[in-house]
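Below are two complexes that have chain A in common, paired first with chain B and then with chain C.
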Partner chain A sequence: MTVDVLLQQFFNALGLGVMYALIAVGFTLFFGVIEVVNFAHGEVFMLGAFGAMVVGTAMAGAGVEAGSVTYLLAVLAIIIIVGALFGAALEKFIVAPMRGAPDIMTLLITLGASIVVREAVMIFFPDGRNPQPFPQMIQMDSFNIGGALIKPETIICIVISAILISMMYWIIEKTALGRYIRATAQDRQAALMMGVNANRVFIITLILGSVLGSVAGLMNGMSYGIIKFNMGFAASIKGFAAAVVGGLGNMYGAVVGGLLLGFLEIFVVSFLPNGSSYQELVAFLIVILCLVFRPSGLFGEKAYDKV
Partner chain B sequence: MFFNSGLKKAMAVATVAATSAVMLTGCGGGGDKKTEVVKIGFIAPITGNNAALGVGMKNSADLAIKHANASGKYPYKFELVVADDAADPSTAVAAANKLITDKGIVAVGGHFNSGCALATAPVFHKNGMAMLVTAAIHPDITGKGYKEITRIITEAKAQNVYAGELAAKTWGVKTICLINDRTDYGKTNASQFGENAAKNGAQVLSDDGINVGQQDFSAVLTNIKAKNPDCVYFGGMATEAALIKRQMADLQMNCLFLSDSGIISDTFNKIAGPTAEGMIAFNIGKPLEDLPGGKKFMEDYAAAKYPEPYDNLGHFAYDTVMMLCDTIGKNKVGTDRKKAIEALRKAEYDGVLGKTSFDENGQTKNTLITTYISQGGKWVAYDKASIQVKDKKIAAK
Partner chain C sequence: MLKLVNVSTFYGSVPVLRNVNIHVPKGSITCLLGANGAGKTTTINTILGFVRPSAGEVFFKDNFIAHASTEDIIRMGIAVSPEGRRVFPKMTVEENLLVGAATDKDKARVKRNIERAYTMFPRLGERRNQNAGTMSGGEQQMLAVSRALMSNPEIILLDEPSLGLAPLVVNYIFDTIKAINEGGTTILLIEQNGFKALQLADRAYLLQKGEIVAECTENTPEAKEKFKEIYMANHTKKDE
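Take a look at the complex of A and B:
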């Protein structure tokens, strides 16, 4: 294998990995702070992509040039609005009413919400059963880096992910809000006693995580040029697996888990003969092995029973 | 004695007369004479990955029933019972069983996915129900020798024999990389294409399987690009083909890209966008407008005002159901399933696709193959297209 092929595969993997990482961060935030496994997370990924498509197509129809500042700002705005609304609605109607119920109930209700949203898009979105072409948002040629061809979309995805994850780091580690979030994650009762408004923390956490998911949806549309009503399902499985491998509840673990999954999927194809047939099999086999030997994930704290 | 027997006779006559009168009243009560209802089952992927094709098939089947009833040629009132196989073999078997339990259904048509048809063929065989396969082209569907199974579309092999020879002999392709979507359909097409190209002097460099629903093909395409083949052949469906074509363009791969009839749909051109240009695929039959009943079918379908297009396979579905109605009507089959099986095997039907009749395996004798190329966002018959392989303008971008 030559260097340029290896470099190409490296960028392929990086592009895929950052998308998984963004989804995984959402899963891990929800679990760490609110203690829910939110299986509806894949749907905000799908809704973000659909939102971006609708706005992008409308802007192009109104004569705004794709890739211009107005265009990208409008798309970004809709992504954030979709993510925030979804997160808020999830807390209000799905997660909050189930607070105090057994975990399995919350898991089931988010799974139910996910199916309802997915089917609704399939039925009510015009021509929703079919794959939808995603408008081209960047008008630029691929970059040639050491013989590897990198799409501008891939570079943008990597940059956006890096910025968002750094921002999340800053919010969680450096701001008062982050302190509340961390406090709630560590010990909800103690945080409450110290005057932390847990309900506010919950809703903000869901909004933050959902916006990340929605951005990941936009990235998916930009990278592949096609979106579909059921795209959230596969994405949520991958994102969840990445979060679990990294250690559910640990944000940095989620980033590493996402990148690891991306690299596994690409390099299985690259190094195994006819690897493309075993891409997911091998990737998830390694995920299982990870969990067998480190049940709490690569960066997770040792699991212990709460008394 | 004599008197007695006379009385008996008189009474018998009276009884018959009375019964007939009752029967006549029974029949005439509704106004006009009631025709026997005969139901035709139809299975298509109404939901799932191939829903666009499936809905087009369903609408066209419905149109056929309407035409058959309106023609007044048949002694029955036909009714269509549609079942969804969701492009999934286990759903397909459930759909087949559902139709089999309905005693009013005398024969079934349909299926697009070979995996579905392969799964339901033994079910129809065991239950003695005639199945006229619309658009699934795996050779084993009719290859098992079930007398219940007939097929209106040419089997897969014909297009691949043709395509392999054309690529290697006429277009001078020397090296080939195969990709298949690991379904029966995609795998068979890719391997038969490879075999037939190899017979004509080309060399197969690799054969990669991908997953239906997969989005990212960058890794496998990067591998293929490093091998620098003259041609990539994909066995599979439109969505994956379009994604592969896009990602080939991203990697600036300039080789020929060929595929099977499964990708010839508007979906491919819509998703691949400008990168669709120059994609080549092979299909059974001729362009719809060149078929004997093509123009009329297009007009009729437009007049019926279905909200969805007939897509790539509408006319096959139309002929399937029309042929079933015609055979059942002409042979006065009624709801006798056994009779339907026998009648169908011997049937001859002249429809949109031309003349259909079956060989000893139930396979249609009507074999026509056309090469298509995507040009300006549409599928165009290759011999009418302005871009040609020899111009070297086929390359992606």
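Take a look at the complex of A and C:
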């Protein structure tokens, strides 16, 4: 095994890991703050990818050079808006009406919403049943790092994720809004007693998490060049697995869980004989192991340890 | 300042409060006593809008508040130090105080209020960057009281501030309550163990099984003595 191959796989794993981490942070925020398991979270991932494709194709048609910096930034901006709208709609029409209902109800209704969105894209998107080619988002040569050729998409994904996760850290730890989010996660009623507007906290949490999910969808399209209406399902399982490994409700645990899952998958694919057939198993396996041996996650502390 | 008029509250079909009348005049320390399960915390939850009374009205400064949102009620000038303190365990002392100021947009005033809290409880100042969950019960109670003061309330509801604390710490907390009151804040003090609270109080009510069974509306030794007798009788009855 040479250094360049290791480096190559390291960057592949990192690129995959940050994508899982972005999805996992959403799951963990929703669980920690709003106390819902949002099964529709995979669909914002899918919508992010489809939105990027539609916007990208339209812009290329309108004469913006595909793959230029403005092109990528414009797509990113619109995807962020798509994610925010999805999150706000989810709170308004799905999560808020179920507030106070048993957890299983919220769980089922998000699952229902997920199926509706997925099937709607399949039926109403032109040729939605089939895989769609994803427009090229950047035109750049591959980076040569230590002899390994790293795709520019991978580097961009890692950079965007690092920026987004740092921003999340800043929002949660340093701003007044973040304090209200943490307070609500730790003791919702006490936060209400302080006059914290919980409804605002809920909708903002859903918007933040969904934006991360939609950007992850864009990153998925960039990395693989092909997207499909049902891509959200697998992504949500991976993201959920990563969140469980990190301890549901623990944002930093979710980031670590995502990276861990990315590295494990790439390890299995590249270093085990016939490994790629087992890639999809990794997520399930570590969820099962985690639930059996560390139900509160790798960094599990006490029950109040949220966000 | 705060008035409950004929308030009845149900949890489902179970009546928890029946025809409760409480009047907390401006500037007073009013004390609400009662055993476990008498409905003391439900009274607080009704005032704060967490449960809606099925009959009766809650007035605050002549506004009906029984159907206002909790946030609006806090904004009007009611603050609470909840039962069991309920500080945010994974946040620092200072962050807890800042959450207490959630309804205050004036940054300079928030800063002044934080300094005031540290002056009132130097211990909190020493631990401003420590997570609240790692502090002792007494320190958490100081934090809960200071956090309630952060919203510049006109009235504070103190739900069992002595719960689970050592007698010396209780004395300290009660001295502070008196000082806060002398600073102009009205206080509704809710206690299970009432003798200490009675010494402090201008007025007192005794809640039993959701009903006010005794009240002391004059701040005179005779009236208090009479109230104490009823309270004692109730107390011993409960113990039998």
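Rule of thumb we're sticking to: the second predicted complex is superposed on the first by the 294 of 307 C-alpha atoms of A that agree within 3 Å, B and C clash if a C-alpha of one lies under 4 Å from a C-alpha of the other, contacts with A are read in each partner's own complex, and residues count from 1 in each chain.
As a convention for this text, a residue touches a chain if its C-beta (ideal position, glycine included) is under 8 Å from a C-beta of that chain, and two chains touch if they have at least 3 such contacts.
This structure is a prediction, so every number in the text was calculated from the model and none was measured.
A.B. asks: Kindly classify A:G195 by the partners it touches after superposition: chain B alone (first), chain C alone (second), both, or neither?
C.D. replies: Second partner only.
A.B. asks: Check whether A:S214 is in contact with chain B, with chain C, with both or with neither, and answer first, second, both or neither.
C.D. replies: neither
A.B. asks: Counting touched residues of chain A, say whether chain B or chain C comes out ahead.
C.D. replies: Partner touching more chain A residues in the overlay: B.
A.B. asks: Please work out whether A:V5 is in contact with chain B alone, chain C alone, both, or neither, and reply first, second, both or neither.
C.D. replies: first
A.B. asks: Considering only the touch criterion stated at the top, classify A:G225 as touching first (chain B), second (chain C), both, or neither.
C.D. replies: first
A.B. asks: Quick one: is A:S142 in contact with chain B, with chain C, with both, or with neither? Answer first, second, both or neither.
C.D. replies: Touch status of A:S142: first partner only.
A.B. asks: Would you pull the chain A residues touching chain C in the complex into a rising list?
C.D. replies: Its residues touching chain C are 176, 179-180, 182-183, 186-187, 189-197, 304-306.
A.B. asks: Along chain A, where are the residues that touch chain B in the complex?
C.D. replies: Contact set of chain A toward chain B: 1-2, 5, 8-9, 12-13, 15-16, 129-131, 133, 136, 142, 149, 151, 220, 223-226, 231, 234, 265-267, 269-270, 274-277, 279-280.
A.B. asks: Across the complex, what residues on chain C touch chain A?
C.D. replies: The touching residues are 48, 50, 70-71, 74-75, 80, 82, 86-91, 95, 98-100, 102-103, 133, 147, 151.
A.B. asks: If you look only at chain B, which of its residues touch chain A in the complex?
C.D. replies: Interface residues on the chain B side: 47, 51-52, 55, 179, 182, 206-211, 213-216, 218-220, 222-223, 225-226, 239, 242-243, 246-247, 250-252, 267, 270-271, 273.
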